[in-house]
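Letters are used for the chains, namely A, B, C and D, taken in the order the chains are written, and counting of residues starts over at 1 for each.
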Amino acid sequence: MLTTHPFDDDKLREECGIFGVSGAEGAAALVALGLHALQHRGQEAAGITSWDGRAFHTHRAMGHVAGNFDRDDVIRALAGNTACGHVRYSTTGETSLRNVQPLYAELASGGFAVAHNGNISNAMRIRRDLIRSGSIFQSTSDTETIIHLVATSSYRTLIDKFIDALKQLEGAYSLICMTPEGMIACRDPLGIRPLVMGKLGDSVIFASETVALDVVGAEFLRSVEPGELVIVKGTEISSHRPFAPQAARPCIFEWVYFSRPDSIADEHSVYSVRKAIGAQLAIESPADADLVIPVPDSGTPAAIGYAQESGVPFELGIIRSHYVGRTFIQPGDKVRHLGVKLKHNANRALIKGRRVVLIDDSIVRGTTSLKIVQMMREAGAAEVHMRIASPPTRHSCFYGVDTPERSKLLAATHDLEAMRTYIQADSLAFVSIDGLYKALGSEGRPRVKPGFCDACFTGDYPTPLTDQDESGTPVDQFALLEERVG
Amino acid sequence: MLTTHPFDDDKLREECGIFGVSGAEGAAALVALGLHALQHRGQEAAGITSWDGRAFHTHRAMGHVAGNFDRDDVIRALAGNTACGHVRYSTTGETSLRNVQPLYAELASGGFAVAHNGNISNAMRIRRDLIRSGSIFQSTSDTETIIHLVATSSYRTLIDKFIDALKQLEGAYSLICMTPEGMIACRDPLGIRPLVMGKLGDSVIFASETVALDVVGAEFLRSVEPGELVIVKGTEISSHRPFAPQAARPCIFEWVYFSRPDSIADEHSVYSVRKAIGAQLAIESPADADLVIPVPDSGTPAAIGYAQESGVPFELGIIRSHYVGRTFIQPGDKVRHLGVKLKHNANRALIKGRRVVLIDDSIVRGTTSLKIVQMMREAGAAEVHMRIASPPTRHSCFYGVDTPERSKLLAATHDLEAMRTYIQADSLAFVSIDGLYKALGSEGRPRVKPGFCDACFTGDYPTPLTDQDESGTPVDQFALLEERVG
Amino acid sequence: MLTTHPFDDDKLREECGIFGVSGAEGAAALVALGLHALQHRGQEAAGITSWDGRAFHTHRAMGHVAGNFDRDDVIRALAGNTACGHVRYSTTGETSLRNVQPLYAELASGGFAVAHNGNISNAMRIRRDLIRSGSIFQSTSDTETIIHLVATSSYRTLIDKFIDALKQLEGAYSLICMTPEGMIACRDPLGIRPLVMGKLGDSVIFASETVALDVVGAEFLRSVEPGELVIVKGTEISSHRPFAPQAARPCIFEWVYFSRPDSIADEHSVYSVRKAIGAQLAIESPADADLVIPVPDSGTPAAIGYAQESGVPFELGIIRSHYVGRTFIQPGDKVRHLGVKLKHNANRALIKGRRVVLIDDSIVRGTTSLKIVQMMREAGAAEVHMRIASPPTRHSCFYGVDTPERSKLLAATHDLEAMRTYIQADSLAFVSIDGLYKALGSEGRPRVKPGFCDACFTGDYPTPLTDQDESGTPVDQFALLEERVG
Amino acid sequence: MLTTHPFDDDKLREECGIFGVSGAEGAAALVALGLHALQHRGQEAAGITSWDGRAFHTHRAMGHVAGNFDRDDVIRALAGNTACGHVRYSTTGETSLRNVQPLYAELASGGFAVAHNGNISNAMRIRRDLIRSGSIFQSTSDTETIIHLVATSSYRTLIDKFIDALKQLEGAYSLICMTPEGMIACRDPLGIRPLVMGKLGDSVIFASETVALDVVGAEFLRSVEPGELVIVKGTEISSHRPFAPQAARPCIFEWVYFSRPDSIADEHSVYSVRKAIGAQLAIESPADADLVIPVPDSGTPAAIGYAQESGVPFELGIIRSHYVGRTFIQPGDKVRHLGVKLKHNANRALIKGRRVVLIDDSIVRGTTSLKIVQMMREAGAAEVHMRIASPPTRHSCFYGVDTPERSKLLAATHDLEAMRTYIQADSLAFVSIDGLYKALGSEGRPRVKPGFCDACFTGDYPTPLTDQDESGTPVDQFALLEERVG
């Protein structure tokens, strides 16, 4: 089945975006806007929970924010001045409305809602232990383990229970939690997943990316720091650091592909970093060519950087359909053999007879790169040089990013020349790992304490991988929870 | 808002019907048929859970069985030879898909599904205690307390945990449970709610009423006895009686209204009992009239009994629309003042100038009786005599039947003459409580140990009402769980 | 595919019901109520057109009136004090929204809407001629020919054009038309299909049956007479008779089955006629039995008549599910062999060991009669005697009733004894054609000028059958018009 | 109501795209792909008609091609080797399924389907005459007049009738027609709307733009010429020229905005023309600035041209959300006052302190330009210079483009300085009309016989405007045809 996402299908996928507002009238409407701005981080489902001072309200839906959370009745039902929300990407098999966040539970202390970006890498072991002692799970989500740990903690106050729970977790988590007493935002000790803080009038806002602050007109204050808990009670904001200090290791792929170019992640403009990677790529791997062509849209900033550094003109050689937001399932067997260009089309008049440098952000399986090189050749390109604005992706991510199994990663099974042959380019180059760090302002990747999680490129995982180390077979019966709604 | 159910709106409502099949190929298809036959016991939602030897599968849906569980894809997904299902009626505020049964949980011993007809009258107290010790509830249903009691029981085997849980319950429950090891059916010690057992070839079937056995072509074996647990493992059936023996008190309203006339409840034909009540009513309260007219359809068997005993001819004086299954919301303010007869219409040509005896099964609020008497008068009836085939309904039910609050029950606030005046009849009579017991084969209602629960008529509740005795205010935040599905 | 209509599938089907209101505030809401009361005359689709003094408004929908025409937004959009509507039954292949009535066209004189019950038996010949002269059809409905005849008539006034059109038609038609100047109701010269007239305050109402007048609280005035045009302009009503007078021949099946028992058709109470047929049947074909059992619901009035005449007690031996309005498609191949009783179930406790007389209104294919006799035997009936409250149905209808082709009619291919054998009854009898006329107040069926159309029993068609006489093959390309709406 | 299209709302809208395939297996699937590629020409509705040698099949739907025409069942039902389709944009009030094309009628010669891009400027007068002589219209579309003219023509052959009809039309039309004998494509004598011709194997393809040929893998042959009829019968192609020769005047706005940049319109690459306009603009109206920023996406090619000509670097200063395909209705009154940037967001890190040149393709109402200038200022731009890649739009279009009434066109009521003030830019310039013609390869706009229709800029309409000259009030009752489908 071809879709209008033939190229996007070959990307790593961020699994979540989160957004929270404390103390603003019509909080849920702001959360809806914020989630819409974070839609690129998860398109399968979305949810919002609000607190109106007496009761919590939740609406969750499969599909996009638009169409579900722009309905007046929905937003009106999400009453209150405090709200948080979540957008989710997930592989098909595991998606059901029960897994859509925010998750909510009635604890002895009152209601407790949580929105989570990341992945708990020892969630299955914790879950097994909790079921043995009588806990009943309602979802297959790793996030639910956090709630059960809070519910069964022997500490007395909710905050202490919460910290007790966090200390049992391994992996990546940026969390926005709501309780009757206030909102809690926190980021795991390594700060693997992003979380920023802003303000809009007197209200406090948390979001996965600064672009979501922009969309609601809020001012960006700072990132929540790795290992930090920020607690907002009314207008009072307090910061807590329950963990021993550690060097931060934010996910470097946020700058390569995940974050929107107009976001600022941990103090670096994403657009500027991408242009710098492109420039670095031009220095490391120049090409004798007539045109620099971005693979739209994610390759565009790096292509501008490459063009400016190299002096080769930047041109739109691939036109992207305006209607890619909707999946188009190609109908009919008869037309499958055609080279269908539903999403991208070559700008033939431009390309014919020219030597082109294609700039893309990454290669995952390589299937897209092959198609796009072929498209250039069919349009009459004289030479096709592929330049990639990240190092080869060779390892799976266990911190909340959907990666194919290793054997499907082109770079895990092919060397550079084999990759070039596979995608049928005249030349192929990736930016070096040191080049990538340079674009982020370092001298290169340090041997010890590198400043980022770059495990997908290097295999250097910054936390234990407990569930992977164990047998790790998922419990079959959970399939039941895939409840169907008629 | 008027609907096509103007009269049915004034009935007590049964809250549930349950059906289970152990050991039949295509078990879920049989459950769908059985639930369709039990649809009169609950029209708001339905669910089926199956077990295929390796995994449980659940489908739950708002609405009728037809339209949801007659789809091939749905039934095919409910794989396995063992399945149980549930139809549910509930008041609007509390309905959400999370509350639709069967409920399911993953316990340390494996999956556990339960379908429940009845109401646990100390569920709120149990729930409060469980939340305090760290249990997390996913629904507002009293049924979920049963699962948590099983999950947290300190007994070792699942059956022992289950019995431990049952012993903590007060109220009414007929249950069908599924575990990887087998199916468990049980009925509370007083047998308040019905449950029968049948067989179809080698498979065992449990159902709320015998009519559901008829529909699947199964043979009726016997009722599950009050306080009995029947466990089916493969072809092995065992019976257990963990409770001290007590005299049974099945709900007498099953014969008055709830059960279908073609069912046999605790060895009495429902149709025969209703005709006998009608005959008893003719003896106790004769009327000098030309026609006996049933309020269709529930008053028909008693009207036939009344006509046969009195010699006054039985006639269809009220015609019921064939299209009452679908709600028709009367559109437009302009027409509200009209005497709308969307569901029932007087047979004017028959009624004009005649003295009629109307037979109905019960009076709840009295609003329907008033409308129907008025309808007879508008059609030209010379006299209208109302006869009711049950005693005055004066008390609420706490055992799984939806009753209006007491102040809304006409008989709780009006004496006989005031009721007659209210409904504008020329005469009004109810069958006596002794007459009702006579129709069921007794001499009359015994002073001690009456053989039925007749609390709605007498106020004689056979169990403690713990949640009612406590403050009983429902916890507000549960409103949150009313998740909306977009 | 079994459905919950296993028995109803074996009935003749009325193809339409119509309802019109002139001069009432909120006319469309009244039409919606009226159509709901006529739902038994057509369940596939419904439509309403209103006129607000400046513009016409139309809403048409597949499916029932309830669910489509009880929505406030729909009714509000159908503004105006004049409105008419239509419910339609049709065989699957020919149904599309384009064919749903009222049909509408913009003529030189202004808008023109028409709702039609009946069938034009020379519509195809007229259509062919109109296409040749440049008319463009938008539906496959015979009704559209009427509009084109009006549009292309060379007469000057709209009424003259309309009468010119009618004079070219053969067959059966009761029509309600709307123009900017007023409402026109008319009935074909033989009055084959019914049409009655009522009033509600100052407004005039037309309907296929009196029951629809009852539902809106209107007073029944009289039937529109065969060959009569009634024109309503504001509060002015005029009657016109453009045709040479002819003896009326209304469809006799209206009293047998089509009309609701609480309707009065051409001055005869339908309920009384049905009881009289049952009594006549008891006289003509008595049975030595213990119980008289109606096949619900259409056999009930005749069964009461039979029981009263014969003295054998009337009992509910077959219980009809309350949930038959919704189709239940039996899921799963595994359970197909079961004797499924989704719609009707035997009242076993009553029937066991008894000799029963079953009363049904008609036999079409005979498949239902066979099933119901088998159901009685499985429930333990000692003898089963079938009595039918109409003569054998041996001929197709071409006047707006959906009949199977002749070869499918049991009585067209079997004699009485062969029919008895086929349905496995101990005895079988139909009421005689003379008996049927007696129940309607005649002496019997007169040799000349019988007072009813009884062609389905006698083959005596009262009009030419032009389209049948010609080759009659339907034009294939019209399949195109089966537009699909996504 | 803000949507994700705040900027696109301020564009002229093309009203249609058409696509036809003659002689290819699975023709409808190819048409679906072609229409998807033309989706930018009309997003409100789409339709496809196919011919399988015996019957025509039509599917029409409101909404996008994706979601409606990518379903296997839909495509399979559109059987045959010949098919044509249509995408439509229309103002809300006039949209109903009846108006969605292709339109179809059964003529005496057989079926006739037509897909039309353009607008007949004397359609209302023709319609009025046709209704007077008895024609009945089923839509409010001007296209239906063409079919009626064919149906009522007194010529003998279908082709002669068709030419007879065309000769009565004024205005703009590119048509693809289907008859049982073959496909007819034609373009009005001035060639106002585009139509190209391609081949795929032995099959012939017609499309509004070459990009639709690319998508199905077809080869571009040539444009259908102004005034030309191309008739395809099987593999035989013939060209006819029934009109007196005239100088062509294709719509110049196709190059400014309507066509996709990867299309070639009347032999000019759209991308190259847009870059040339940008370069011309840089020559005519340079700006002393740091960055050239396109208003995405339509301003991008001109911005690249402007940057290359001026030497000022091209940068992405405005980031467009990936999720603009879906409308997001901003929920909640509380957040309306916020500067919401759902669709576009400023790249603050880039813009702060810089002097920017914004390049957009056109200004219609000016509301968007104002918002985008404000967005730049809020992001800290030092200076904002606006450059527009078309002359001021001062006149309405009557040839199939949806334009606001003249009083809403900013350039119709403001001079250049007033426009600059309105949009709050530091400077504003439009390309000259001569500059626009230069970008298309002319010396400038000739006084006589200009090579393009540029009426929106100049008011020089190349045809009579009959319906405008008459009173032109639309007939109210057509509102009726706005049938609602439930």
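Keep this in mind: a contact is a pair of C-beta atoms (placed from the backbone, for glycine too) under 8 Å apart; a residue touches a chain by one contact, two chains touch by 3 or more.
Quantities reported herein were computed from a predicted structural model and do not represent experimental measurements.
Chemist: Which chains sit in contact with both members of the pair chain A and chain D?
Modeler: Neighbours common to chain A and chain D are absent.
Chemist: Just grab the chain with the largest centre-to-centre distance to chain C, centres being mean Cα coordinates.
Modeler: Relative to chain C, the chain with the farthest C-alpha centre is A.
Chemist: I'd like the Å distance between the centres of chain C and chain D, where a centre is the mean of that chain's Cα atoms.
Modeler: Chain centres of chain C and chain D, defined by C-alpha means, are spaced 50 Å apart.
Chemist: Express in whole angstrom the distance between the two chain centres, defined as the mean CA positions of chain A and chain C.
Modeler: Here the centre of chain C sits 62 Å away from the centre of chain A.
Chemist: Report the inter-centroid distance (CA atoms only) between chain B and chain D in whole Å.
Modeler: Chain B and chain D have C-alpha centres separated by 62 Å.
Chemist: For chain B, what residues touch not just one other chain but two or more?
Modeler: 67, 69, 71, 74
Chemist: Go through the chains and record each pair that touches.
Modeler: A-B, A-D, B-C, C-D
Chemist: Per the contact definition, I'd like the list of chain B residues that touch chain A in the complex.
Modeler: 49, 54-63, 67-69, 71, 74, 77, 97, 104-108, 110-111, 131-132, 134-138, 147-148, 151-152, 475-481, 483-486
Chemist: For the complex, give me every residue of chain D touching chain A.
Modeler: Contact set of chain D toward chain A: 4, 25-26, 28-30, 32-33, 36-37, 39-40, 64-67, 69-72, 74-76, 211, 214-217, 260-262, 264, 269, 271-272, 297, 300-301, 304, 308, 313-316, 319-335, 338-342, 345-350.
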